[in-house]
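The data blocks that follow each hold one structure.
Look at the two complexes coming up: chain A is in both, with chain B in one and chain C in the other.
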Partner chain A sequence: MIINIIISTAAALVFSPLLIGIINKTKAFFSGRRGSPFFQMYFDLYRLLKKDAVRSGTTTIVFILAPVIVFCCTLAAAVLIPISPGTGIISFTGDFVLLFYLLGLARFFLIISALDTGSSFEGMGASREAFFSAMAEPVVFISILTILRLNGTTSFTDALGGGGAGNWIIISLATVPFFIVMLAENARIPFDDPNTHLELTMIHEVMILDNSGRGLALMEWAASIKLWLFSLIIVRIILPGSVLSFLLTFVIAVIIGIVESVIARTTLLKIPQLLFSAGIIAFLGFFLSFSKIFVWS
Partner chain B sequence: MQNNLLILISLLIILSNIFLLGSSRTGAMIRGIAFQGVLLSLLPLFLPSESVRILDIIILAVLSIAIKGVIIPHYLRKVTRNIRTKKELHPYLGYSVSVIFGLLVSYGSFYFIGKLPFMYLSISPFNTSAAFASMIIGMFIIATRRNIIAQIIGYLVFENAGFILGISIASSQPLFIEIGILLDLLAGIVIMVVAVNHIHLYFDNVNTDSLERLNK
Partner chain C sequence: MKESSLIIKYNKSNPTSKVPLLGEDVFRKKVLEMTRGGGRVNSFFSAENDNEDLVLYLIISYDARGETHALSMKVENKAFKSLTNEDTQFHLFEREIYEQSGIRPLGHPWLKPVRFPGGNAGEMDFFKIEGREIHEVAVGPIHAGIIEPGHFRFQCHGETVYHLETSHGYQHRGIEKKLTGGPYRDTVYKMGVIAGDSTVAHSTAYAQIMEAFTRTAIPARAQAVRAIALELERCANHIGDIGALSGDIGYLSTSAYCGRIRGDFLNMSALLCGNRFSRGLVLPGGVGADIDDDIREQLAARLEAGKKDFLSAASLLWETPSVLARFDSTGIISAESAERIKMVGPAARACGIERDVRRDHPSGYYHLSYIPVSTSEMGDVSSRAYVRWLEVQESIKFIEKLLAELPVGDSGRETGTNLKPDSITVSLIEGWRGELCHTALTDGTGRFRRYKIVDPSFHNWLGLALAMRGGQISDFPVCNKSFNLSYCGFDL
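Let's look at the complex of A and B:
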């Protein structure tokens, strides 16, 4: 139990910045650049953690606490996911609600810390984050319910931490929407561009504009842990039985890099449509998992 | 294995139906219907080989890919370019509602087909349920869209459903009937395309609303 917690925490803390590095390297490869090193984010985090934070005069204690809470909630959610079969820390009926509500708590504090800065620009980002995540959440839950039904269990960590591969079509109908939601939740390209700081349409980056030093480091680290969490869930859904399947998260990072290189980000107005289509695919998978005539051999 | 491929094809047909329900651009709809046509044409290859002749199957598949995947989309694209309609602006029912409707119909037909008694005839019940859903979705597209190209595509979806049903019970009917239907379909589409051109000539748009007053 204790060992499992330590392993999960260490994996989340250590591997998550590498995912960002892999994504950036893939994007650099596609645009013909050399790109920043794989471990760039570790250097960035180290540099930021050494620095002191500068705060605006309008901010309150909410702004100071938010990075810590966001980081802790995200890390706690990530630790819940078993990185190999049988290493789940807790499992009970409906544990996925805990998992995603921890992320929801993190998001709530991210949003109110953005509002706390008093900048209308950040308020705009906060409003978008709230709107899009409200649309993404049902898709996540439907996909997860499908996975639970396939595995015949009511505990998500059980479903991820063991059991064999099942019905590939339904698994892909649950995984594809989950992947789309992962892009939305982690502010990746069809939804948000992590590299811009000048556009009026940015979502995640605008909310952490006022953070600096240690606060910024925690926010960035939390964002990368969230990416690790989502890609780990996808990997565990696809290959629940394998011990080293967490290494496939790096493959997921490469896929994200490819997606970011080959498609442009959609306009802000089209994001609900994209999430809606993801939801439709998820619902189809959910319905199919109930169908008697859907026989997969 | 064969059964799995059949299920995959049926699922892709359902997804393409939902795509057709949700897309507003005629170009995208034509691509969707071409994709669906090619998928359908693969279905005869899965028939049990003792019941039909292999030559019939190959002729049917090739003809069907040619007509549904190439010729009809080509004609539709041509007429679309001719009448310069790109996007349907005001369907009678919104796209999101249509997509939800398509989803519910698909699920309903999974449920419904499982209860029908004649299932032993067909090659796969899932296939038949996809056909059943396509039939309703085709009629739905015809009923809810104003744009005449979208209506033609709705008709094609409906016809595709008939094709799947025909293939599903092919062991009890000769495949030549299907080939005859394909040629009829081609003739029908050509006539429709000519009609669309004429409607465009007289009314300057291709919304079927304008047909309400014929004595212009």
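Let's look at the complex of A and C:
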């Protein structure tokens, strides 16, 4: 089990920045540019970790602690997900609640650290994050319930860490909404634009505007680990039996890059509609998983 | 009443004494009569006459008739009754008059500084909405992108913007003040940087003023080169903005390609005169660089390539549903509002207002060659982008035509330095942002008594504020970009 923990942790820490590099490279390819190197984010993290942080005079201990808590919670959540069959660390009934509430705790500290700066921009970002994530959460849970039903288990990590493939229609109906939520949760287009410099339009980026140096590095790293976590879940849902399926997370990154290249960002007003449609797809999958035609095994 | 305004002859100097000098009551009655009859204020400013009395000059034009009128008013006791309450288009002009000369427009609803010539930019009260759920957002003067400084104050309820007020003056350089007593040797260079992206437009306006005062008729070839340069400037800026608009909504392909194509068009300007922003091309009396056959062929070839690239990169915008969904109905300004504040340029044309100096008050080569007016109807970001898309195509067609029929002759005349004394002249040019108006008055020795510049941004900043009303604060950047107004052109 110790070995499994080390492997999961190392994989999350090492591979997650590469996902960002792959997305950016894909986007660069589609817009006819050379783009930054695949390993740019590693350089950035190294540079930032060496730096001291500048802190606004209005901030308190919350702002100092937040990057550490956000990083640790996100990493802990990522480690729970088995990267290949049989490498799960813990499993119990309803473990997905622990997984997503670790992310929830990270989000809570991200939000209050944004509010802690007293900036009107960060306040706006915090309120957007709180609002949209509240709508994303049910979609995730419904998708997961579908997966659990398919696998006939009550433990999410068990479902991801082995077993067999289920009915493809239902798996798609669970995966597609999960993918949409992944884009929302990880501040990707069409929900948010990770590359924009326009504070008024940002959701995630605006909340870390005041972070610098080590704090910023932890925030950025946590964000990439979260992306790793979501893509790993998708990969494990689709191919639970495969040992090297985690390599497919890089394919997920390419898909995200393609999505970001071919569509524009939507207006904030339409984000609830988008999440709501994802929810409907998830519900459809959930209901079909009760149907006799699609019953597993 | 018929003689109470002087019809300005374009490219001619007009004796200042012929501009009727009216008393306040007659002036007010006459002006309101003119604005109700479709008159649009191009410029409204104060100047001193020989006895150091303050006089207000009004330049007003009828677009439908292609006429520009000048009239003036004696100011007594450094005050006059504000016209803003009768007609909104006077709003900013009166604030400017108050700031520049201390003449108080009595009863002005919102008398605040315009550009802080004293140097204390930013000290001002903004219109405030009160209530526990209202929050105020301050943006700028330092912005996230590499752009000019300006301050925006939003009154918001959640994500909805109830009111936006803009505050400028951070770029104030005192250009008008420095021109008094001119022209100087460096004046032509100053004109090129009033707004660095509208070099040709402002230089041409100045050149026309100088040519009018020195009674120089410039050769048709120089006029054609100026027109080509002006349209190249329009293309480069419109293409750059279409790219930037796509960038703001995270649509990468058009953003990246248009950024590059803008550079191609800037390089065409560089091919003409050696400078990507056409600095030093337009000079009083003609142009600083002629187009020889070699340049003409190269320009035509590059234009063809640029057109092809632009059409394929920008047409993606109109074929992608997510882009249309983002642009449509964002930042709407109604045609009524736009007409009320007399917006100019592509922003006005995007509301369906057919207003284009090139057609309404043509000068130079636009007398000889017609360029169609491009309009759209919705007044939203989508329309403003679409008008630019149409204009780029019309401009390219126009340049192609001019290159084919380039008049023979020399590229300039000597203007001399003897300006006609005690005269007034007005120059109207359709820059890429819209109408810009230069008005110059000479004194008894043939020096500038007053040189007044009105950049299109002066008319349109209020339009941006109105377009944001009831909109989403997250839509501001894309809405702002669709206007892309000049800070330094406004601040002078």
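As a convention for this text, the second predicted complex is superposed on the first by the 291 of 297 C-alpha atoms of A that agree within 3 Å, B and C clash if a C-alpha of one lies under 4 Å from a C-alpha of the other, contacts with A are read in each partner's own complex, and residues count from 1 in each chain.
Just so it is clear, contacts are C-beta pairs under 8 Å (C-beta built on N, C-alpha and C of every residue); 3 or more make two chains touch, one makes a residue touch a chain.
Only a predicted model underlies this, so the values are computations on that prediction, with no experimental measurement involved.
Peer 1: Return first, second, both or neither, reflecting whether A:D116 touches chain B, chain C, both chains, or no partner chain.
Peer 2: A:D116 sits against neither chain B nor chain C.
Peer 1: So, A:E205: does it touch chain B (first), chain C (second), both, or neither?
Peer 2: Touch status of A:E205: no partner.
Peer 1: Look at A:S277 in the shared chain and tell me whether it touches chain B only, chain C only, both, or neither; answer first, second, both or neither.
Peer 2: First partner only, chain B.
Peer 1: Going by the contact rule stated at the top, is it chain B or chain C that touches a larger number of residues on chain A?
Peer 2: Of chain B and chain C, the partner in contact with more residues of chain A is C.
Peer 1: Going by the contact rule set out at the top, does A:L288 touch chain B (first), chain C (second), both, or neither?
Peer 2: The answer is first: A:L288 touches chain B but not chain C.
Peer 1: Please indicate which partner A:D95 is in contact with in the superposed arrangement: first for chain B, second for chain C, both, or neither.
Peer 2: Neither partner.
Peer 1: For A:A264, decide between first (touching chain B), second (touching chain C), both and neither.
Peer 2: Touch status of A:A264: second partner only.
Peer 1: Which chain A residues lie in the overlap of the chain B contact set and the chain C contact set?
Peer 2: none
Peer 1: Give the list of chain A residues in touch with chain C in this complex.
Peer 2: Checking each residue of chain A against chain C gives 27, 30-33, 120-121, 123-124, 189-190, 193, 195-201, 260-270.
Peer 1: Note which residues of chain B are touching chain A in the complex, please.
Peer 2: Going through chain B, the ones touching chain A are 1, 3-4, 7-8, 11, 14-15, 18, 22, 96, 99-100, 103, 106-107, 110-111, 113-114, 125-126, 129.
Peer 1: Which positions of chain A touch chain B when the two form their complex?
Peer 2: 169, 276-277, 280-281, 283-284, 287-288, 291-297
Peer 1: Would you mind writing out the residues of chain C in touch with chain A in their complex?
Peer 2: 135-139, 144-145, 159, 246, 248-253, 255-257, 260, 320, 322-323, 325-326, 330, 472-478
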